[in-house]
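First chain A sits with chain B, and in the next complex the same chain sits with chain C.
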Partner chain A sequence: MATKKKTARAETAESMGARQREISVSEFFLKNRHLLGFDSPRKALLTAVKEAVDNSLDACEEGGVLPEISVEIEQVAESRFRLHVTDNGPGIVRSQVPKIFAKLLYGSKFHRLRMSRGQQGIGISAAGMYGQLTTGRATRIWSKTKKQKHAHCIAVQIETKANKPVILEDVEVSWLPSFYQDDPHAEPTTWSHGTCVSIEMEAAYVRGRLSVDEFLKQCAIVNPHLQLHYRVRLLRKSNEKNGQTELIEQEEPWTTYERVIKKLPPPGREIKPHPHGVELGVLIQMLKDSPSRTLKSSLTQDFSRVSDKAAHYICETAGLNPRANPTRIAHQQSEALFKAINSVKLMRPPTDCLSPIGEEQIIAGLKKEIQADFYTAVTRGPTVYRGNPFQVEVGLAYAKPGENDDLSGDDPIRVMRFANRVPLLYMAGGCAITRAVGGVNWKSYGLAQPKGALPLGPMVIMAHMASVWVPFTSESKEAIAHYQEIVRELTFALQECGRRLSVYLNKRKRAAEAERKRGYIEKYIPHLALGLKDVLDFSEKEKERVERDLKKMLERTHLEV
Partner chain B sequence: MATKKKTARAETAESMGARQREISVSEFFLKNRHLLGFDSPRKALLTAVKEAVDNSLDACEEGGVLPEISVEIEQVAESRFRLHVTDNGPGIVRSQVPKIFAKLLYGSKFHRLRMSRGQQGIGISAAGMYGQLTTGRATRIWSKTKKQKHAHCIAVQIETKANKPVILEDVEVSWLPSFYQDDPHAEPTTWSHGTCVSIEMEAAYVRGRLSVDEFLKQCAIVNPHLQLHYRVRLLRKSNEKNGQTELIEQEEPWTTYERVIKKLPPPGREIKPHPHGVELGVLIQMLKDSPSRTLKSSLTQDFSRVSDKAAHYICETAGLNPRANPTRIAHQQSEALFKAINSVKLMRPPTDCLSPIGEEQIIAGLKKEIQADFYTAVTRGPTVYRGNPFQVEVGLAYAKPGENDDLSGDDPIRVMRFANRVPLLYMAGGCAITRAVGGVNWKSYGLAQPKGALPLGPMVIMAHMASVWVPFTSESKEAIAHYQEIVRELTFALQECGRRLSVYLNKRKRAAEAERKRGYIEKYIPHLALGLKDVLDFSEKEKERVERDLKKMLERTHLEV
Partner chain C sequence: MARKSVKGPEVISKKDASKKIVGVAGRIHQDITKKKKKPEMRFPIRSLANVKYDVKRGHFEILGKESTRTLSYNTVKAFAQSMRLLATTKNDLLDRDDIAGKREVYYNSKSWGECRFEEQPESDSLLDDIEAMLAVNREQLGYIPEERGGDVCGPLVVIDKDPVSGKDIKIDCAKLGSGAWSVPSRVEHLRFQSKAKFVLAVETSSLFQRLVHHRYFEKANCILVSMSGVPTRACRRFIRRVADDLKMPVLAFTDGDPYGYCNIYRTLKVGSGQAAHINRYFCVPSVQFLGVTPQDIVDYKLEDTTHPLEDVDIKRAKDALKNDPFIKHHKEWQKALNQMLKMGVRIEQQAFAKYGLNFVLDTYLPEKLRKKDFLP
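And then the complex of A and B:
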C-alpha cells in the first residue's frame, strides 16, 4: 500500500503550538452536520424545507405582506432532489443575498429580542452548505424588491474555510421563477416582489409523521393567514431498457392550503432585555456598548422596565454616580451595579411583544385537520423565564372511539408541538412539551395512562410556545429545553384542557347511560300500555294515547340528562 | 414607565437589509450556553473540570509524559467556585496561550483524524467564557515549557463580539503554582514543565452520580497511567455573627488516585481520510487544497488506502488524466471522479490508529472500583463508520445479590459510558451506548428486563468507544450519536459479555443447587450412619468411619459440580 506507516512520536510544546489553527464555524458545522438536522437524507430534506419556509414567513410578516409561499420538491436522480421555495415577501437587497444564504451565523434576528421563527442565523446557509457538500452545486436565489425594476439571480457557495460566500453568478433577470409557470391551467403570478431559493441536495422523500408533507400541513394549521402551494415531482422507475432502469418524470398537481384568515397576526414587538434576566458578563458588555452617556440613561434606555426612580435607587444602592460614564462602570464597578440591580424590585418584562395563535384559531385549525367530537383550547397569559417573556397555548381534540381511523383509542395520544408557529417533528422525547404532557395525571380526567408516559386514547394535543427567545436543545431547533417555568406553564394549560375534557367525557358517559335506559324503557312501553288497557279497561284509542304520552315523557327526560 | 411603546411597523427590503449582521461564534454560544454543557451551576462545574482534565491528558500523552494532574475546587462564596487544574504536560508556548484559552473554535485537534479526548476546539475557552459571564473574572494560565527558564502567567478574557482574546496580564513568574504548596507534609513538586488553568465561576458542588467526584473516579479507572490528585475546599456556615452568617474555610486533605501502570498507552496515530468516507463537497475542497501537483499523487498522498494501481483505475474510470492538476479537477470533473472513487474497491481504513483500553485493563479497573463476584470484558476488533475507524469495548461486573450495597438486584443495572477514555455522565438517555444495552435481550442471559429498557440486577456495565472522530450528539460531548455501525458493534460486545455472564450464572445456580442438596444430605449422614450401625451391627468406630467416608464422598461430588 502507498500509505506509509508513521510512528507517532512525542511532541514538544513548540511542535504542538505550530499545529494550532483557527476552525471556521462552517468547517465545524460541516463536520458536525447532525447538530444542524442534516444527519440523514430524509431529515435533511425536511430541515431544508423548514428553514426556507421559516425565513419566507418571517420576511412576509416583517414586511407586512400576507404570505403566499410555494414549495416544490423535484427528484432529479435516485437519491437527489431539488428544492424550490418561493415567497411574495419584500425581497432581499442584492448586497445582502450572498451573506444571508452562504455564511453561517449571519442575520438580523439573533441580536434582538423579538418573536420570530428564525433566531440563529444558521439555518438556510446550513441547508445550502449541505447541498454543496453532497452535490457540489451552488444555492441559487432569485429576488426582487419593490423598488427594483428587475429581479436578480445569484448563485452562491460557501467557502467553508473562511465561512464566507463565493458568488458564482449574479445577473439581472425578469421576475419571477413562478411556480405556476409550468402549469398551463393556472393564472400567471402577479407578485411584484419576493424571493425564491433553490437548493439541490442528496435526500430521501418519505411520507408519514416525520415528513415534509406533515410539516407543511401543520404549518398551514398554525399559520391560517398563509396561502401555501406544494408539490412533489418524483421519478418513477419504468421498465428496464437496455439492461438499465429508466426513470420517468411524473407530473404531479399542486396541493394548495388555502388562506383562512385575510389578516396578518399582530406583529411581534422588539423589546430590550430585562435587567433581572441579564448576567454579569452581559451587563458589562452592554455597558461597554451603550450609546448612552450616563449610567442612569443607560439603565433606563438599554433595558426594559427601569424607571427613573428605579435607576436612581440602583445607583444609590451600588454607591455609583448616576452621571458616571457607563464604559468606566463596566470596567470597575460592574459587580456592585449587578448586585444592586438584582436587589431592586422591578416590573416584570413587557409581554405585549408576543403574538400567540389564540384559542379560537387553535380550535379552528384543529377542526380543519382532525375529525373529532370535542375540541377545546387554552391560551395562558404571558410570563417570563430568565428575563425572556413567553406564552404557551394548548389545544385538544377528542374523537369518539372508532369514529376517526387515524386515532386509535388503544394507542398513545398524538402530540403536535410548535415553537413560534413552527411545527417541531423530530426529537419529541427530548422536548419540554412531551415531558409536560406525560407529567399530567390524565387518569383523573378519565383517560388511561401508563406511569409518566403519554395517555392513551383517540386524542390529539397541540401545544405552542411563543417567545422572543425559544431555548432549543440543539441548533436544529427540534425540541424545547426543559426550563422549569416553561414546563409549569404547559402543565397548567394541559390541566385546564384536561378538566374540560373530563366534563365532556362525563356528560357523554351519562348520555350513553341515559340512552341505554331509554332504549330499555322504550322497549316496554307497548307492553305497559297493553297492561294498563287490560287493568283500567282502556279503549284501543285510550291505549294509544297513553303510549304516546309515555314516549313523549321519555323524550323529555332524555333531553334533560 | 420609561419604556416607550413602539408599534412595529412594516419593514422594507432595505430596512431589513440594514439590520443584517454577523454573529460571532462566541456570541452564539454565550446565548446558547446550554449547548456547551453550561446550563446549570452544577453541570457547569463538571463541564469545566472535564474540559480542563481532557486537555491536560491529551497534552501529556502527545508530549510523551506520564500524566500527573491535580484538580482543586475552592469555594469562594455561597455559589462561586475557583477551579484549578494543573498538569505536568509539555506546557504551552506563550504566543498560543491566549487563543487556546480565550477563542472558541481554535485548536490543533479538529483538523486531523487522530484519537484524542478533545476534538472541537471549544471546550476550555467555553469554560472560561462561562466564568467571565457569571463572575466577570478572567481565566488565568500558568505554563512552562522545557525550553523556557521561567514560567509565564497570563490572564485572558474573550471579547465575545469578535471571538478573540484580550490579554489582561502577562508576566514571567517562577514555576509553578504547585498544588502541594499549602500542604506542609507533601514533597515539593519537581515538575519542570506543565500548565495550570484557573477559572472562577458560578457553580454548585454536589456529590453523586453526576458529580465531579464521580467523573474523576471514572477517569482514573480508564486512565490507569494517570496519577490524579483531587480536593474540594468548601466553605462551612458557622454560627451567625452580627446577624450575618459567616462562612469558614475548611481544610480538606488531598485524595490521590495512584498510577497503576507506569507506561503510556500506545499513542494514537494520525490518519488520512478514507476515500469512501469523503463526501463530494469535501473531495472538492481537498483537491483544491492539495499540495500534490497531479491528480494521481493527490489520490495516493492525501487519502489513505489508495494504491498506485487503485489511483490509476479511478482516473481511468472517471476518464481523467492522472497527471491533471487537482485544482482544475475540483472545478470541472469532480463529480465523475467522485463516482469513480466510490465504484472502486479499496482496503478498509487503517485501524492501528486506535488505542483501546484493553480487556485486561478494563477488568483491572472494574475490580478496583466495583466489588463484585464475576468480571469479564470484550474488546472488539476495529471497524469503520462513514470512513472513520472506531473500536468498542465492553466490561461487565456482576455482584452476588446482597453483597454490594451500591448494587441492588431489583434496580436497573448501572452503565458507565466512555468515549476516547473520557467518562460521559449526562444525557445517558440519548446515547448509543444506553440504546445498545437496552436493545440486547438480557432475559436469555438470565437477567430480568422490562421491554427495551435496561436489565435489572446487581451489575455494572462499562462501555468505551475509541475513534479518530467520535460523533457526539451535542457540543457538550455527553452522548454518542446513534450510528447504526456503532450500535451494532456495541451490541456484539454486549452479547458476548452476556453469554459469559450466563455461563457464570448457570454455574452459580447449579452450585447453589448442589449446595442445597449437600446440606440436606449432610444433615442426614449421622442418622444414616446410626441406622447402618443398627442394621449391620457396626461398632462405634466402624460407624464413625462410615460417617467420615460418606462426608468425603459428598465433598468430592460437590467439587465435581
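And then the complex of A and C:
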C-alpha cells in the first residue's frame, strides 16, 4: 500500500515559516472590503459619500462652524464616478492630510469616548483605497485653514502593504470652498476655510431607498442645522453615431436642503470609560498605558465614576494591593481585577456627554423634508448599556392618506434609522431599531399591523441612537446590535409617539365623522324645510329661517367634537 | 249572526285630510321656529306588540303605544322624506283630487334629489307611517292599492255605479262564464243582493278555478272568493260588507300550514299588526276556518301527500303560539298548531287530488260542511 509517487512535498516548519508574514490592516480590508461597505458598485458610492459627509459634519461641529456641505457626483464613464465633497469646516493642517486620507485606523476619534459620527478612522481612507483599487487614481484633497494664506492641494495614495500614505502631489493653490446659492444669478458663497475631497471610483448610481439621494435627504432631516447642496451629473447615451454610442454629459440642477435650525448642537463632552463597559483586553491595555503610579489612582483617574471608596473596595475584592503598580497588575492579576470590577456596584456613567438632536429639532427636520399632517418626537432621558451612556430619540410623521405620493396608506411605514446623526440604510432587518418598531403593538394606536411586522400606514418613523459608542453589528456601520437596554428605550419612545399618534388619529376620526354627519344633515335639512314650505305655503325667507334653525339645532347636538 | 256594523271607515273629506296634514306641519314648524326645540312626529306602533284581541268586537284593536320620531342625525332623512311625502299628498293628491299607486309614490320621489327613496319598501313603510299618524287610511288620502282585491264568483249581484253617469250597474257574479269579478280597491259604495248560504274564501286561485269550472257555487249555493294569499284590505272589506249586509256566514279554506293559519286566516278574521289602526273595518270577525286542518291529514289519510315543515314554518308557528294575541286566545288553534308541530308536516289544498281531481268538491267540502267542525 506504499505510495509510489508523492504528489507534493510535505511542508516543513521552516518552509512554512518562510511564507508567514505580517498582514497589514489595509491588505486585510482590501480583501474583505464588504466589511467596510464596499461590496457592490452602488453601495461603494453610497459608503464613500457617507464617510466623506460624516467627516465633514464632525469637523464643522468640532470647529464650531454651522456646516455647509456640497456633494457632487460626476459620471466620467459608464461605470466610473468622481465624487466631490466640500465643506466649510476648519480645514486640515498640511502634515495630517496624508495620514487622514490614506492610512487606515488613523484618526482622532477612536481613542476617546465622545459622541461623534466617525469612530474608528477607517472610513474615508477605505473609500480612497477602494477608488485607488478600482481606478488607479489617487485621492485628491484641497484644504484651507483660516490662518493659512493659501490652500494646499494634495494627491495621496495608500501603500497597502505597509498601510502608509504615498504623496503623489503636494502644491499650494489659491482655492476657497464655494457653494451653490439657490438664486441662479447669485455668486456662489465662499468661505475662508474648508476642505474638499475628491475620489474617483468604480461605482453605480441608482435612485430609491438605498441611494445616495435618500441618504442625503435623511442627513438633512437629522441635521437640521446643515445646509446641504447636492447634484449628480450623469452621462446620457446619445444616438448612435457612426455605429458608436457617445456619452453626453448632462447638466443637472443643484438640490439644496435648507438649514432650518441656526444653532449648532451642543458638542458632546468627552468622558472616560466606565469600568462596566470595558472588556478584559481593553482593561489590560489601559492599565499598561496608565500614567498613574498606583492601581487605586489608576482606577479613579482613568475611569469615570470610581470613587476612592469604590476603588478601595475593588482592590479588596480582587485581593490586590491598592498601591500596586498598574502595569504589573496588567500582566498578572488583571483577570481577578476584571471580575472584582464587575461585581462592584458603581454609579452609572455621566450622561451629560451626549448631544441628542432634540424634539424640536427632529420635528423641524421632519417637517422640512416630509410632507405630513402630524409630527411628534420624543427624546428619552440618557441611560446606559454595558457601561456606555446612550440616549434614544424617536420622531414620527403621519401624512393624511393620499396626500403624500411617497407614502401609501397600504404599505408598511417607512423607518429611518440613525446612529449619532448618521442615516443607516442597509441591513434594516438586522437592526435593533427595526426590531423595536415591529415589536410595538401599533394596533392599539390605530394602525393596521401584520403580526410581528412593521405597521401599515402613510407614516415615517425616525429613530436616533446617540451614544459615545454605538454598538454596530459590523464595521460598515449599518445596523445597531440588539442590546436589551437599547431595544427597551426605543420601545418606550416609540410607544409614547404611538400614544400621541392615537390621540391625533382619534381626533381626526371624530372630525371626519362630524364632517360626514354635517354633510348628511345639510343634505336633508333643505328637503325638510321645502316639505314644510309646500304644506304651509310660507315664504322663501321663512324657509331659509327654518333651515338655519334646524342646522343650528342639529349641529349643536351632533357635531360637537 | 252578523253584528250590525255596516258603517264603514270614518269618511273624511279630502279637505279635512288636507287640514290634518297642515296641522302636523304647523306643529313641526312651531317646534322649530317658536319653541326652538327639535320637532317630532308621533306614530302608533304598528306591530303585534301593540294590539290586543278584542274578543267582544272580534278583531285586533290597537293599543296606545306610540313611537316618537324626534329629529336627529339618524332620523333627518326619514323626517325630510316624510315631510316631502306629506307635501306631495296634500298638494298633488288631496288638493287636486288625484290618485296615485304605491309604486308611483316611489317613482315620484325620484325628482327629490338626495331625498329620494332608493327602494319601494322605504316609501311603502313611510306611507304606512303617515297613514297611522294621520289616522286616515291611505285610500282616503288618494293612494290606491295596486294589488288585486280578489276574485269573486257565485250567486251574488253587485250593484256598482257608473263613475261617469252615476247610474247603477248590476253585476251578476254567477253569469261571468269562465271568468270572475274583481273586487275594486274601494268597496264602500257597493250594494249586494244574494240568496247564497255562505261565502267560501279560498287561498289559492288554482283551487278557485277548479271550483268555478265545476260550478261548485251552484251545487253548494255559496259565493266563492279567491284571496291569492293574504287578503288585501279591499278583499277583507268586501267580505266583511257581504257578511254584514247579507248576514251571511263566511268560511275560509287555506293550505294546512302556519302561513295559512297565522297570516292568511288570522288577518282575514281579526286584522294585522301592521294596519292595527284600521283593523276594525278591514276584518271579518265572523269567519270560521274550514280547512285544511292538521286533523284532516289524519282523517283523510293524507300523510303521504305532506311536506316536512321548514324552519320558517316552525318559527312562524312557535312565534304565533308565543306572541299572537289571537292564537293565544283560542285553545283550539293552539291545539292545531301544536299538533302540526308534533307531526312536523304541512299540507296543500291541492293534496286531495290524491283521491281524484274532484275529490275536494265531491267529498271533502260536503263532508266538512255537514260536520261543521270548524276552527274559530
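Convention: the second predicted complex is superposed on the first by the 465 of 561 C-alpha atoms of A that agree within 3 Å, B and C clash if a C-alpha of one lies under 4 Å from a C-alpha of the other, contacts with A are read in each partner's own complex, and residues count from 1 in each chain.
In the analysis below, contacts are C-beta pairs under 8 Å (C-beta built on N, C-alpha and C of every residue); 3 or more make two chains touch, one makes a residue touch a chain.
Note that this is a predicted model, so its numbers are computed, not measured.
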Partner chain in contact with A:Met553 - chain B first, chain C second, else both or neither: second
Partner chain in contact with A:Ile92 - chain B first, chain C second, else both or neither: first
Which of chain B and chain C A:Arg305 touches, first, second, both or neither: first
Which superposed partner A:Lys523 touches (first chain B, second chain C, both, neither): second
Partner chain(s) touched by A:Ser24 [first = chain B, second = chain C, both, neither]: first
Touching partner for A:Ile284 - first (chain B), second (chain C), both, neither: first
Touched partner set for A:Met115, first chain B, second chain C, both or neither: neither
Which superposed partner A:Arg545 touches (first chain B, second chain C, both, neither): second
Chain B or chain C, by number of chain A residues touched: B
Touching residues (chain side chain A, partner chain C) in the complex: 517, 520-521, 523-525, 527-528, 530-532, 534-536, 538, 542, 545-546, 549-550, 553-554, 557-558
In the complex with chain A, residue positions of chain C that touch it: 21-22, 25-26, 28-29, 32-33, 36-38, 71-73, 76-77, 79-88, 90-91, 112-115
Residues on chain B engaged by chain A in the complex (per definition of touch): 1-3, 5-14, 16-17, 19-25, 27-28, 30-32, 34-35, 39, 59, 62-65, 90-93, 95-96, 99-100, 103, 105-108, 110-111, 120-121, 129, 132-136, 145-147, 160-161, 193, 267-270, 272, 279-282, 284-285, 300-301, 304-308, 334-335, 338, 347, 350, 352, 429-430, 469, 471-475, 481
